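Chains: A, B, C and D, in written order; residue numbering restarts at 1 for each.
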Amino acid sequence: MDAREIIARRAALELNDGEFVNLGFGMPTAVPNYLPKGVSVVLQSENGCLMMGPTPYVNEGDPDVANAGGQPITLLPGGSIFDLCESFAIIRGGHVNTAILGGLEVDQEGNIANWAKNAAKNDFSPGMGGAMDLVRGAQKIVCTLQHNDKTGESKVLKKCKLAVTGRGVVNVIITEKAVFHVVNGGLILVEKDQALSVEDIKSCTEASFSVSPDLKDYRMSGINA
Amino acid sequence: MDAREIIARRAALELNDGEFVNLGFGMPTAVPNYLPKGVSVVLQSENGCLMMGPTPYVNEGDPDVANAGGQPITLLPGGSIFDLCESFAIIRGGHVNTAILGGLEVDQEGNIANWAKNAAKNDFSPGMGGAMDLVRGAQKIVCTLQHNDKTGESKVLKKCKLAVTGRGVVNVIITEKAVFHVVNGGLILVEKDQALSVEDIKSCTEASFSVSPDLKDYRMSGINA
Amino acid sequence: MSKVKTIEEVVAKLHDGATVFLGGFLGVGAPLKCIDAIAASGVKDLTLMSEVSGMPGGGFDMAILFKNRQVKKIITSHIGTCPELLEEYKNGRLEVELYPMGTWAEKVRAAGAGLGGVLTPTGVGTLVEEGKQKLTINGKEYLLELPLSAEFAFIKGYRGDKIGNVQYRGVSINSNKIVAAAAQYTVAEVNEITDVGDIDPNLVGTPGIYVQAVVQGYTFDEHKEVFNTRWESINALKKKK
Amino acid sequence: MSKVKTIEEVVAKLHDGATVFLGGFLGVGAPLKCIDAIAASGVKDLTLMSEVSGMPGGGFDMAILFKNRQVKKIITSHIGTCPELLEEYKNGRLEVELYPMGTWAEKVRAAGAGLGGVLTPTGVGTLVEEGKQKLTINGKEYLLELPLSAEFAFIKGYRGDKIGNVQYRGVSINSNKIVAAAAQYTVAEVNEITDVGDIDPNLVGTPGIYVQAVVQGYTFDEHKEVFNTRWESINALKKKK
């Protein structure tokens, strides 16, 4: 199983039945494929709807029903549509239960960086889109990212190097190796890959963290949870 | 013809064809009865609609169509409905062309008082309702009031004595005796009752005013205009 | 996980001293059955927040709550229409906090939308300024108005589904859509409870994300009769010739 | 006094250097015919204001305006989806001003609603803070964000009547409803122009008070075809088995 699937299966366990959920681009979009039995959630698309459904078939796209990527979607029964002010009122106002976002970096203070490749002005960043609103607004922020970059450097840092999306906003960090909770501005290791020791996690993680007295093996929806 | 009808007939001349108009309680509500031929305006009700029509008949009231006084109305073709945030966005945002309001007092600086019987704290004022938003928002504010109170005191003052609704907001003052424009914080007499001299107007008016070089006889829609 | 509840269940959640939004505008779009149940519950020392007060003439809408002396304070833009309220106020038993109508709406919207406040030109140079921070932006003065939220909101919709989506009808949308978003526990009283999927997504005025309970109010036929009877009783309808 | 005009008439009002809102979100709900006419007009040095930029893949929606080098500046939340825009940006010919998506929407709403600004927690502690006033309300920090308005807005509606009432359909309401209120001259491109009275007052998304011109866009059938063709070309639709 690749890292992306591992992470999506773990992230699915963060969702409770009936929750309103916003999923960022990339890895988080796979999460609904792995919802545990009995858990159904309502997906918000920040361009203006709740109750997003699957992609329509060729020639059956509705020209006025699309997701935040400009791609055609369907709406499930019980769906609702609203303008962008309302959509971000829902987000900023704390009405979304959980947002699962991809991170470029995350750090031990709960800062997340996921919009600019670096902090320099001539970086040609694509822009923050709705990410800054989401990290300030959703009740629970789950940051998903691979534990290390291609050169093996930790993406779970003492302090983000990239321009941050929000400070002290992350509640849960999920990598393919470990799960951390962010509590009072510090990390607690709550789950780890069964094949790795706490020392192994320490050696591939730049951030400091404490270890939960209740440390568990890494759980994955549909596999061992 | 009583003072109220005189004022309503004159106020009707302030409206241009196609304008969006908000009418305050009291005298202003009679203005639509006297619109000049060829002039049709769209009435806003600040509780949330445009294109207010006449009162429905007994048993024909729609329980969800009412005006800002809680009274049943109808909507004319082309009507629209919106919530109160939107209704006051329309008002505050400067989208209403003209508001015609009743005044308790008005003064030579364009201040208007029409919400509190006096400025004291224990006055049991009914509250300002939407009047403060209207006077700050509509493009043209027309203040209608009788020139003098029952004891003969001028209601067109040097300085309002009652708690004001807004400062420097009035553009046109219409009484049954005279019409003033407020320009650069001073009054200009532009029309007067034909039977009265400028001196007569001066003697019944506390406010200072200059006289327009183009001073006209008082005009009334359907009578002499 | 249906949000459909009985009016008794939701009113039982209230407590003495609770802060409560009431939707509607002078009775139009008011959650009439919930108001009656709040009156019957005897809960007291309420802080009511309502865009305006009761329908002119009294004896309707929120009037009963003042008559029963259940209200300690009202936060609104206008109190002149409800005789029962005025009676309480003049006897010194009711605290009144006033905001201009548009400001009231923006304060509530700000609370629901997670804003820290809005700058409005309304009220500059008036008594409304008192105690408020004033900011000058591009040479123009504005008042900083802060968010207004409550523990409970009782709103009135036309149709509501089991997951809390609410469709409004006519001007009854008034303050209902706004207050629905600004309370911790929002109760939608509706003329008709529908199955999920029965409301066109384009017609949802308040999405279920804002709503914790849906209760059956007057049916639409009863609703029409209640208002036509009321309006006839205060001579608000034209007589047929 | 019908507001129905030709696209040529309204586009002729633009001038070099104009500030222009474009409604829509990545092409969905975009005023496609007006955009093509703006491209054909050759007007230049435009400041575009759009919630996001063109539909991923390029060659659609606002992309042509960047390809033609008609845009001097864009004020938006995201530019990563439109290759023609990125080309201009990387070559130093385009100025980009970024705001978080929800902040962008609130700034435009504030302009339309006559507010002097709003306080938002979004962006606190980030690069977005730069140059902005920070206020602390009840111990929490907020950024003061100022109104954003333009001379022109081009929006896309489903139906529009002769006095400018606009009905939206689906998520195409997105930024259209917001920008419609914040421009001096708002043009509504619609699939169908109707007589006054044909749109149910409950379904009016943007009342005519905000709209100066109504123009005929693609018919609804054409509109469906344009999007299904586009989406098929970028493999965004599921293949039938």
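Basically, contacts are C-beta pairs under 8 Å (C-beta built on N, C-alpha and C of every residue); 3 or more make two chains touch, one makes a residue touch a chain.
On a predicted model such as this, the values are computed, not experimentally measured, just so you know.
For the pairs A-C and A-D, the count of C-beta pairs in contact is higher at A-D. Centroid analysis (C-alpha atoms only) places B farthest from chain D. Put simply, the C-alpha centre of chain B and that of chain D have 36 angstrom between them.
Distance between chain centres (mean CA atoms), chain B to chain C: 29 Å.
Among the residues of chain A, those in touch with two or more other chains are 49, 81-82, 85, 88-89, 91-92, 136-137. Across the assembly, chain D contributes 106, 109, 113-115, 120-121, 169-170, 201-202 as residues in contact with two or more other chains.
Inter-chain contacts occur between A-C, A-D, B-C, B-D, C-D.
Across the interface of their complex, chain C is touched by residues 106, 110, 113-121, 135, 137, 140, 142, 144, 146, 168-170, 201-203 of chain D. By the touch criterion given at the top, residues 1, 109, 111-115, 161, 163, 165, 181, 196-197, 201-202, 204, 207-210 of chain D touch chain B in their complex.
Within the complex, the chain B residues that touch chain D are 17-18, 20, 42, 44, 49-51, 75, 77-82, 85, 88-96, 136-137.
Residues 45-49, 54-66, 68-72, 81-85, 87-89, 91-92, 111, 116, 119, 124-133, 136-137, 163-168 of chain B are the ones that touch chain C when the two sit in their complex. Within the complex formed with chain B, the residues of chain C that make contact are 25-29, 51-52, 55-56, 76-81, 86, 89-90, 96, 98, 100-103, 105-106, 109, 120-128, 158, 169-178, 205, 223-224, 226-228, 231-232, 236-240.
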